[in-house]
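The same chain A turns up in both complexes below, where it pairs with chain B and then with chain C.
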Partner chain A sequence: MENRWIAYLIPPFIVTLLLVAGSQFVFIQNSFYQDLGLGRTGTDLTLVNYLKFFTDSFYLKTFWITIKVSAIAALLTLFLGFPIAYVVARMKSKLAMFLLAGIVVSTFVTIVIKVFGLIIIFSADGVINKTLLNLGLIERAYSIIGTQEGVVIGLMHFTIGFSVLLLYSVVVTVPPSLEYAAQIHGASRLRVYQRVIIPLCAPGFVVGGLMIFNMCMGAFTSAALLGGGRVLTLPVLVQRTVMMEVKYSTAASIAFVLLVSVILINLFSLIAIRRLRSARLVVA
Partner chain B sequence: MSGVRLDKIVKSYGSTVAVNDVSLDIKEGEFLTLLGPSGCGKTTTLRLISGFIQPTSGAIHFGNKDVTGIAPQHRQIGMVFQDYALFPHLTVSENISFGLVERRYEKAAIKKRVDELLALIKLKEAADRYPSEISGGQAQRVAVARAVAHPPSVLLMDEPLGALDLKLRETMQAELRRIQQELGITAVYVTHDQSEAMNMSDRIVVMNDGIIEQIGSPRDIYSNPHSVFVANFIGQVNVLECKVSSKKDNITELDYNGQKIRAKQEISLRQGTNIFLAIRPENIKITAKATRNPQNTLKGVVSEALFSGNVMKISVELESGDCIKVECQPKANSFELGSSVHVNWLPEDCSILLN
Partner chain C sequence: MKKYKKSLASLGLAFGFAFGFSSMAVAGQFDGVTLKVATWGGSWKANMEKIIVPKFEALGGKIEFVTGSPAANFAKLVAGRGRAPFDVMEVLDAQVGDFAQVDYLQPINLDLIPNKVNLQPFQYNETYVGSWNTQETICYNTEKFAELGLAAPKTYADLAAPALQDKVSLPDINSGAGLANFGGVIYAAGGDEKNIQPGLDLMKKINATKFWTRGGETKTQFESGDIYAAVVHAGWCTRAARAGSPVMTVHPEIKPGVKGLAKEGWLGIMKSSENVEAAHWFINEYLTTDFQYEYAINSGVFPLNQDAIEKMKTDEINAKLMELDPGAISSMLRLDYSKVDKTAWIDGWNKTLTTN
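Showing the complex of A and B:
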């Protein structure tokens, strides 16, 4: 009965496949030809673009910075998102629905608007700098634009909504009665988190953390705007290589490195988690 | 281990009063059941004892110690939840040892105690299984073991058998009672199931609308209900509205629709007061002809007769228009619908409801 309808899905599947895989294929294939600049490529298959990436300290540094800011942003976003998700998930009133709706809406506001908001708040004569100056906590205005901290803040701003929604869906699967049971049998609030909530949410942290990490690795707008040309991440570098240097093959090789590294990092993380789980340190 | 005393406990949420002036003295080692329909305040009372919520006014004592305002983790209680609330990421023995670890028992002591409890709940073979790998009845026993691992002042149980099927529920009632007796622990049990309450309890507290309707042993509550609510809530009952006509020694004479009815009960009500009289269906005899001693006899017509295996359930429409339910042994000479019959009962088998 249901199988009959699957046939109708085949045409859209083929179109999607052609559009995604096809374009990716052309793109990736391009990365295996030497870049002669201005969009021209050599005729022989070669790994020279990749060799350049992995031998040039500029590219390696960019690669490292991308992973670093993404990992820091993902971790901080989890830490920041969890308490919010927990409070909303445990709320009994209808307010919870309004809060969730607010999070969803603000998450889907275009990142450009959100980043400009950040820039206004954190700019040299913005609210935060002025307040800190007036309180005498800092001696001169400090701008986050063009700093790695700024990029991390931008990435967190970009992903916090997703992290709250993700973690919310994890927390609601932990029945409150487990917390009562833990508490009544002698656990303090801290121990309830340590022994019940955190272990039960651990798989959610891992998956959620990886998803946020992936989003950060591929984030362009916040990294470009808050990096201000001084902090380069791989997506920003790809854009510059294509748009400003017109080196298509080089850009393609950078993008492919980014893609493969994200896949590998996810794979290794999940394998590591499975190892831990079989050693019964983390729960399914 | 100790008794529990509730002193004029009131718990209100805004303008709604969930528990209204409840005082209760639970003896050491007693199995006490809070019984009532949903929303009667029984679960709120349990949660007040557990410390998850604090009373609006009144005090709670465990033994001589005032525990009002003390957090649940410092009250030394054990609790069994309706959904078991076993930790899914811990094995059976880790679940049982949860409270022991939290209370910093030594490793050897924990192992010894867990082994003891596994023997008590007869689940030695399941020690290393996870809660998802054991049955509902086994999970409930593990929940009990976890609750009593660190000997609690009082064991609280919130409809723990609600999720089990009928047959398993009956086995578990006996099992819970056995564990409670073996440990000699004070237990407070919440249920809306009157037969469960009757089967397990030393005493039953019938609650309704946030107040205590009656406290007593199962037998006492069944045979001497104080109110229409209690009489109706516990088992089947016939309630007849009567007027007090005279009092003599311990016999009260009542007037029901012009008929004289005698009840063996002393009351302090004045003559002419309207009261309700409760008679259990199984205490009523039904005969085709009037008996020689026409005491407490009413005439009527059979309006319904149901055969339900061990008993015959007959409804008799009285001359007054009231219907009276009778339960009797299903004999060969069953009563036909529409036949005239007499129903009678002994003065000691009925009770006057005071409100």
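Showing the complex of A and C:
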């Protein structure tokens, strides 16, 4: 019986393998040949593209900025998304469903539109700059374009809806009765958060945080539009290398470094957290 | 008798028309032909759809567009190892060297392009036919400059004024205008194709708020007040002016005797094309006065057709913001891309001008 069900998985598996893994294999294979420009490659296997990446300060800095803005965006998105997810999860009225539906719909809006919305809001004559200028908090309109802060805001905007949905599914697994029990025993609201809700949601935070981080690491549009050509992340660099320089092998090596680094960061994070939890259990 | 004469005259007229048309184009000449043209989207494509497409359809054919920047279309070509998903392509002057290396274009039979008489001899050869050029300028907001007490800029170095910090937009090296304008800045700073460091230093000093990848971004930023000046081709400045922004252009002083910078567009026929006759027909139509003028007005490029250039003078905004004197146009800086080491330029740019 089980084997029959597994048989249904074979066609999508083959399609995925061909379309995703197959194309990626060709691309990655290219990265091990010297880049001769204009789509041409050398004939001998070599690590020269990778050596260039790991010895050139420009590539290393771009790599670091990609990790930095992705990590900051993931943390801030979790920080912003959790209270929303918690409130929606604990709502007893039908409004919760409408809010959730609104969040789902907003995630379908194309990222280009979302980013242009941000650009309008943060423009010199936009709401935020006008308000800050009128309040006398700034002397001159501030632009988020071309700054790392702007890229972080763009990445948060890109992932916030997804994070709320993800954290909502975590919060609903925590029975409200546990919170009531803690309160009955004298715990304040803050203490309930610290000792009950957050520890129980912690695995969800970790998985959610990593998923958001992964999305940010691969995000192109927000980084390209808000980076304004001044802040480069690895996905933007891959696009520039392919489009401007037509250097496929170099672009493939950058993409492969990005892919492997994301996998490794995820693995190490999960291992570290598992060890941390084991250590805590031993201490407890 | 009178009726007979009238019929004979009508018949003669009909023959005359038929004979006349057959020497230019014959109905059904392109029956079943689908010509694929690689060009930009937006107004570029719209102009062609308005003027060239109906004529081609009247001859029985169909034109499809593959939209994207020339860089994107070149990447498609390379990915397809020269097997192009289009017959005719817009090529930028900065790409001519790349095309020479990959040999993806076929020779153009100039006998099939009678409208080349509208061009100057250096604007066509056996591989390319010129399509337009752009006048790369400094476009600035006159009101904001007056508010800040700044005189109109004369050259790129004037954009480094402290009052303009974070208020200037420059073309990204990744954009279609990137190499040309970076070259202009390099020359204005005292460098050349081989010595780019003075240009990088000046670009760093200007400290642009943004490096634009599409000229249209500058129009939006002028309107929102995010920028007070941009290095962009005059066509985008005329569009901003037509939209109501108080802008003016300056053709920057590049070096003694050279004022302004020109970027040129070309048309090429792909080696893999099976619609060679139609491709020649298309290029010929591109050079008509009507199309060149419409194109210039709607897309902001500068026509190569001499009659269209004359017509440009009748438009007030063009006359004000564009250089229409043939002598001045021909003395503008045109980069020698065969001397440009693109990798070194991009490398220098990335390391100096990105906040990385």
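As a working rule, the second predicted complex is superposed on the first by the 271 of 284 C-alpha atoms of A that agree within 3 Å, B and C clash if a C-alpha of one lies under 4 Å from a C-alpha of the other, contacts with A are read in each partner's own complex, and residues count from 1 in each chain.
The rule is short, and it goes like this: a contact is a pair of C-beta atoms (placed from the backbone, for glycine too) under 8 Å apart; a residue touches a chain by one contact, two chains touch by 3 or more.
Note that the structure is a prediction, hence the values are computed from the model and not measured.
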{"item": "When chain B and chain C are modelled together on chain A, clash or fit", "value": "fit"}
{"item": "Touched partner set for A:F58, first chain B, second chain C, both or neither", "value": "second"}
{"item": "First, second, both or neither for A:P199, with chain B first and chain C second", "value": "first"}
{"item": "A:P175 touches, of chain B and chain C: first, second, both or neither?", "value": "first"}
{"item": "Chain A residues touched - chain C or chain B, whichever exceeds", "value": "C"}
{"item": "First (chain B), second (chain C), both or neither touched by A:L232", "value": "second"}
{"item": "Which superposed partner A:S143 touches (first chain B, second chain C, both, neither)", "value": "second"}
{"item": "First, second, both or neither for A:I184, with chain B first and chain C second", "value": "first"}
{"item": "Shortest CA-CA distance in Å separating chain B from chain C in the superposed model", "value": "44"}
{"item": "Residues on chain A lying within both footprints (that of chain B and that of chain C)", "value": "none"}
{"item": "Complex interface listing, chain C residues touching chain A", "value": "69, 71-72, 74-75, 78-79, 81, 98, 101-102, 166, 172-174, 208-213, 221, 224-226, 342-343, 346-347, 350-351, 353-356"}
{"item": "List of chain A residues in touch with chain C within their complex", "value": "37-39, 57-58, 61-62, 65, 120, 123-126, 140-141, 143, 145-148, 224, 228-232, 240, 242-246, 248"}
{"item": "Contacting residues of chain A [partner chain B, same complex]", "value": "175, 177-178, 180-188, 191, 195-196, 199-200, 283"}
{"item": "Of all residues in chain B, those that touch chain A in their complex", "value": "50-52, 71-73, 75, 77-79, 81-83, 85-89, 98-99, 102-103, 146-147, 149-150"}
